[in-house]
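Residue numbering begins at 1 within each chain, and the chains themselves are lettered A, B and C in the order written.
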Amino acid sequence: MLIFTRKGDCIFHLDLTEKLDFSDTQKITGRRKLVFGLLLSLKSYVKMLSAEEFKCYSTSCYKLHFYELLTGIKFVLISTPKIAGDLTHLLKNIYIYQYIPFLSKNIAYELGTPIKCKHFRDNIEEELRQYSN
Amino acid sequence: MYAKSISKPKPEINLSCFSFLFSEIFQYLSKNDKEKDIEQSLIDFANPIGERVLELAMYREKTKGKRYTNIVDVLHFIRGPVWKLLFGKMAEDLQQSSEDEDVYFIKDLCPITNKYTCTRDSINCAAFIAGIIEGVLCSIDFPAKVVPHFAEDDDEFTDSTLFQIKFTKGALEYEARYSGDS
Amino acid sequence: MFSKSEKISVELLSLTYGTFVARLLKENDNAEEVNLQLHKIGSNIGNRLIDEFLSKSRKTACKDFREIADVIAKYGFKMYLGVTAEVAKWNEDDTQFSIYIENNPLSEFVMLPIHLQQTLWYSNLLCGVIKGALEKINVMVECEFKQDTLRGHDSTEIIVKLVEIVEDRYEDDEM
């Protein structure tokens, strides 16, 4: 799962598959940029085609869920293609019950900077794991 | 007009509003009060609030002008009316330390200042509330030092805080003088 | 919609704010400087508050500046300060309006000393909040006090002026 700011900075990145090597910063930043670029193109593409908002798309090997706020913060979740429907509601819940109380209102967190709050990370991990089981 | 507006409790407003303001005060203090420890800055900042809170609470309780002469009465006054005025409920618990006679503890299960902070390991923002208590005690002539501690016996996700209140010699003498009189 | 959020006493808020303003006055040379600081701090608050506001009010994008004004006055002030505000005095091309506030909770117990009555905008924080919150949804405004009952005026009035509504642009980024 990833969270981007309006400007495209990735402020949160959680990987439950444990396949990503976070020490390889170059590769990780590259990957993040790719995801963000993809989102933007998809967003404008979907906008051209229909009045509907872009929520998710799926390929044979993964499914991408997307939730964007009016403030430009973007939540992205990449899951297995087996999950039915889109998980926008899950991302929305994360936003309302995790992002707002632990970050928006957190004294120690400066908006737009990478999220280090452990509580936030743990909660999200728990929530996502519940879903994948 | 002034009297009319303070005599009855005002409608309550959204906690978020306070949380946002508090968070900015915290930022401001941590930038401008560098030489001090942030908890101490919060305590000092909140001291003058205590003074005003005392006036209001006494007014509401119709005890204006009453002289408190006994430490336990004062503490009950804080745990009850003062807490109610500030947070809309009584404080959870009031205890005397088993080791020191001049030390008391007031316990609050979830201080509003800690609701949205995840700095549990290092800083207890309830120092702000400690400062208010200090301010109240000071203006009521029972000066004390108030320190917030995270309560240890609780589940790690609650932010329950113990306010350790250690009265100064002056406060004890003050009490002794009055109890001697009666 | 508003009842769900947790509550706090107005006294604690107004006393805390008052103490903060007093502190700023002590540490700054003049009231103008304090006005600026309050504005700046308010705008930090606005930056944060907007997320919560949008999620609680379940608002979708506003279609124009008039709608934005209504939302601020009817929902924003109500949700955070528990008071309603009036929108009035639109200019001809709908880019400027005034907000009138009754019973501003921030100034609940306040009487300004004479020497500050002409210089300090005690609740200037509010202007900052409005600016900061709108900025996050790409609406740039200027916001300032016109009148304040604390200064002996008949009403409390904030003027909000639209500067521009910006579109997201990514081409400029070095992506």
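To be clear about the criterion, a contact is a pair of C-beta atoms (placed from the backbone, for glycine too) under 8 Å apart; a residue touches a chain by one contact, two chains touch by 3 or more.
Model, not experiment: these values are computed from the prediction.
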Of all the chains, which has the CA centre nearest the overall CA centre?
-> C
Is the number of contacting C-beta pairs greater for A-C or for B-C?
-> B-C
Separation of subunit A from subunit B, taking each centre as the mean of its C-alpha atoms, in whole Å | 41
Inter-centroid spacing, subunit C versus subunit A (mean Cα positions, whole Å) | 31
Could you put a whole-Å number on the gap between the CA centroids of subunit B and subunit C?
-> 30
Multi-chain contact residues (two or more partners), subunit C | 48-49, 52
Hunt down the residues of subunit B that sit against at least two other chains at once, touch-wise.
-> 16, 20, 22-23, 27, 115
Out of subunit A, which residues touch more than one other chain, so two or more?
-> 105
Inside the complex, what are the residues of subunit B that reach subunit C?
-> 5-6, 9-18, 20-25, 27-28, 32, 45-46, 48-49, 52-53, 56, 85-88, 112, 115
Which of the residues in subunit B come into contact with subunit A in the complex?
-> 16, 19-20, 22-23, 26-27, 115-119, 125
The residues of subunit A that touch subunit B in their complex are 101-102, 105-108, 117-120
Of all residues in subunit C, which touch subunit B in the complex?
-> 2, 5-13, 15-20, 22-23, 27, 41, 44-45, 48-49, 52, 79-82, 105, 108-109, 125
Give every residue of subunit A touching subunit C within the complex, in rising order.
-> 6-8, 33, 36-37, 40, 69-73, 95-96, 99-100, 104-105, 111
